[in-house]
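A single structure is presented below for examination.
Chain nomenclature is as follows: A, B and C, assigned in order of appearance, with residue numbering initiated at 1 for each chain independently.
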Amino acid sequence: MPRKIKPKEPAKPKLAVFKFASCDGCQLQLLDAEDALLAVANAVDIAYFVEARDRRLPGPYDVTLVEGSISTAAQIAEIKEIRRQSNYLIAIGACATAGGIQSLRNWRNVDDYINIVYANPSYIDTLATSTPISDHVKVDFELRGCPINKFQLLEVVIALLVGRQPRVPTYSVCMECKRRGTPCVMVTQGIPCLGPVTQAGCNAICPAYNRGCFGCYGPMEAPNTDALGEQLQALGASPDEIMRLFRNFSGYADAFRLASDAYEEMAL
Amino acid sequence: MLNTITAPTTPLFDTPPMFAHPARVTAIKDEAYATATYEIEFEDDDLKQHYAFRAGQFNMVYLPNIGEVPISLSSDPAKTGVMGHTIRYAGNVTRAISRLRVGDTVGIRGPYGTAWPLERIHGNDVCIVTGGIGLAPLRPVIYHIINNRSDYGRVYLLYGARTPIDMLYTEQFEDWEAHGIEIHQTVDRADESWKGHVGVVPMMFYHLRLNPKKTTVLTCGPEIMIHFVIFEALARRIPKEQIYVSMERNMKCGIGLCGHCQFGPTFVCKEGPVFAYAAIEPFFGVEDF
Amino acid sequence: MPDLTPDIGAFVSIEKNELQCIFDALKKDGYTLAGPTVSNNASTPGEGAIVYDEIETVEDLPIGWTDVQGPGSYQLQRRNDNAYFGYVVGPQSWKKFLFPPQATLMTVRRENGSFVVESQAEDAPRYALIGVRGCELHALLIQDHVFLNGPYIDTHYKARREQTFVLAVNCTEPGGTCFCTSMGTGPKVGPGFDLALTELDDIFIVEIGSEVGRMVMRSVKWRPSGAFELQTKRTALAEATKSMGRTLETSDLPNLLYQNLDHPFWREVGERCLSCANCTMVCPTCFCSDILEVSELGGAASERVRVWDSCFSMNYSHVHGGNIRPRTKSRYRQWLTHKFASWIDQFGESGCVGCGRCITWCPVGIDVTESIDAIREEV
């Protein structure tokens, strides 16, 4: 009788996590996933994740998570090499998907900042802009937010393991806010809120703590920033305040950038 | 306004309505570019025995971990025990279906929706007009007509596809023609092998001499195609009451509870997908409706 | 106190503090009380809103609070009395208890190359809804028609709904965005309640609506209502009928909308509308949902999770090869024509109850009554 051959265990997908200009907060969301992280560690081979372990395996990688924006010339070369080594590349967080808060420099002369901030400006080698990963290489999927939501991150990992497109909503924060049952901070208190033009995914956390949404998930599908801006003005916000509201963690994302530029012009 | 066609209202299953039932893929046949027909049988013998559908109806096909999509039945309604689904790999679920092998399990619930009015049009000439994957929900009509050939008069199939490799069921055409179905094919873009017509399907009406009093038009395809099919049919004085269309909308539940598939006053999953054109005329062609 | 229980259809009067006895009787019967209370997301209570939540005692009710509402505006304010139900309706509706914003419908477990579907073993909660207004009771009945009347019954909804107790309240002070009189759903509550309260200065008049309601009254001190009390109630309701913040001309509505699907108004409103979906989330009749496949890591099991969806979300109208309603104006048109026209074709009644929530909670204050007026005027 022929011996039954034990099927070979399929190789686990190799996962890598890289970071560019960022605070590490998004990577920490993966570490913060605790129980789920152990399961993730079982399901994938974590080949490169400096924040989590010393082992650093060379590429190619099946799935690569990239945190942070591109802000130096060296990073441009680095992200291109990472892209070559990666089968599926996911940009995570506001920095990687929109340039992050550091993209505020894109509206100013970066040398002015350098001279104010650093004792020895000559050590600083930086680009004039902070830009999202997708400005430099093809990105297969984007996870928004500052920081990203760990449940969305898990959803992406799970979806890739079972072989389907990850599912993240592209509708407004308001949908999540209402499902959560939070009374609207704008309607009840006139607090400026970007929820109606911002992509969901955070489970509308800020309004639940009586703050307006500051748009860290970036523009929703077809955002109507004009109509929201008009309403914010009607509620008493100045063009300068509205400009600052849009020009925030995801301020360099197209729709928010255009809105902030329009209100900057209006403020002058 | 009510559709003049009604759906059967007795659910087959006594489980909660959105429960999918395990069913096995028993055969897979490549049909065209990125398109294959899956023969599927319920694992449960009782279900397998009692399941029956009518031409034009659809099932909800579920893949664990992936999701659920409505897919029309493309097999012979007289063949019980087996359900045929011709699937084009286009979305999340259908792309996952493309990875299935014979013996794999899917979830099935159905059949849902309205059917082509095949009994009502006994004695009529039938003009089937469709494009690409749109032939799938109409193939059961062809099977039915062949099985009951003397109930129908002349039968035409006007079939178009983007390119010759997008055409479904071409190896069956000979058999269909042998049963007196007149097939007129056309493609948008020909290749070297193509000897037939080039152009859009509605133009194929110009090759026919139809008797408007006794011709029924059955059509399924992109809305823009249906729009011109109706235009050509009406131009030939075929009454709108004799035109039937199968509509497509997003469906999540298939049973009228999730709201997604609304088309004006109707839920396409309940009052459709097959509509008497006269019933939806006021809404057909309204932009972005 | 007569030791008989009042008959169905009877009006009896109770002292205000006897409401707690009704609460106690309901709790003793195994009900979880769901009622109005002041939300706690704001830094001070007056900055929030009256929401519906699980409550324990009358102390949890928004006693002495009221709301001032307008398009895109809601302010909670102190009343100069201690009315129990001296407010209108807030951002939430009772659908959150019967058709929850997120619910696992079933679990699918992989087994032996196949799978097993398990009903999410839910002990359906037994809710007593406290303070249901006329418009809201109508909304409940409308959702009943959606979920319970078709050939396919929503078992999840049914399990919750059939054991729900409804303590209704007649509305005597309509708000700034109310138009229930126009929609024929209030301010007086219609059939479908177990008990219905009318709040007067110092008493509640209780109308007995069902056998269950009658039984609850066994443990409450009541007396038959006097003619003067009943007259006061009638007068208050008659006043309320006339003091709606909004009105809507409903004649020939389906035709009006169906015949104006190309009206320029849709483009105008499409420029103002945020497509944020707030109107559909707060609407007590909107029932659209999405079903998500939520997998365990490793894929051994997954849940089919139903969440509230909206015709304003892009994905809602996605079909192979594109989107049916890619522009905001067509999504707004879908919503409005569904509420006021096609709902009537689908379910034999309007989908709007005139509660005004969509007007109040629209961040930019789009007003459905104005929308319909705009279309009507230019015809």
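Points worth noting:
The rule we apply is simple: contacts are C-beta pairs under 8 Å (C-beta built on N, C-alpha and C of every residue); 3 or more make two chains touch, one makes a residue touch a chain.
Because the structure is a prediction, the values reported are computed rather than measured.
Shown here, the protein chains touch in all possible pairs. When you average the Cα atoms of each chain and compare centres, the chain farthest from subunit B turns out to be A. Remark: the per-chain Cα centre closest to the mean position of all protein Cα atoms belongs to C.
Counting C-beta pairs in contact across B-C and across A-B gives the higher total for B-C. Between the Cα centres of subunit A and subunit C there is a gap of 37 Å.
Each chain gets a centre from the mean of its Cα atoms; for subunit B and subunit C, those two points are 40 Å apart. Centroid to centroid, with C-alpha atoms defining each point, subunit A and subunit B lie 43 Å apart. In subunit B, the residues that reach two or more other chains under the touch definition are 65-67.
In subunit C, the residues touching two or more other chains are 295, 299.
In subunit A, the residues that reach two or more other chains under the touch definition are 162. By the touch rule above, subunit C contacts subunit B in their complex via residues 105-106, 108, 110, 113-117, 119, 146-147, 150-156, 258, 261-262, 287-291, 293, 295, 299, 302, 304, 309, 311, 316-321, 324-327, 329-330, 333-334, 337-338, 341-342, 345-346. Those residues of subunit B lying in contact with subunit A across their complex are 65-67, 92-93, 95-96, 99.
Within the complex formed with subunit A, the subunit C residues making contact are 39, 41-43, 47-49, 51, 53, 72-76, 90-92, 96, 101-102, 271-278, 281-282, 292, 294-299, 307-308, 310, 312-315, 328, 360-361, 363-365. Of all residues in subunit B, only 1, 7, 9-11, 15-22, 43, 64-68, 90-91, 103-105, 107, 222, 248-250, 252-253, 255-260, 262, 264-267, 270, 282-283, 286-289 touch subunit C in the complex they form.
Residues of subunit A that touch subunit B in their complex: 162-165.
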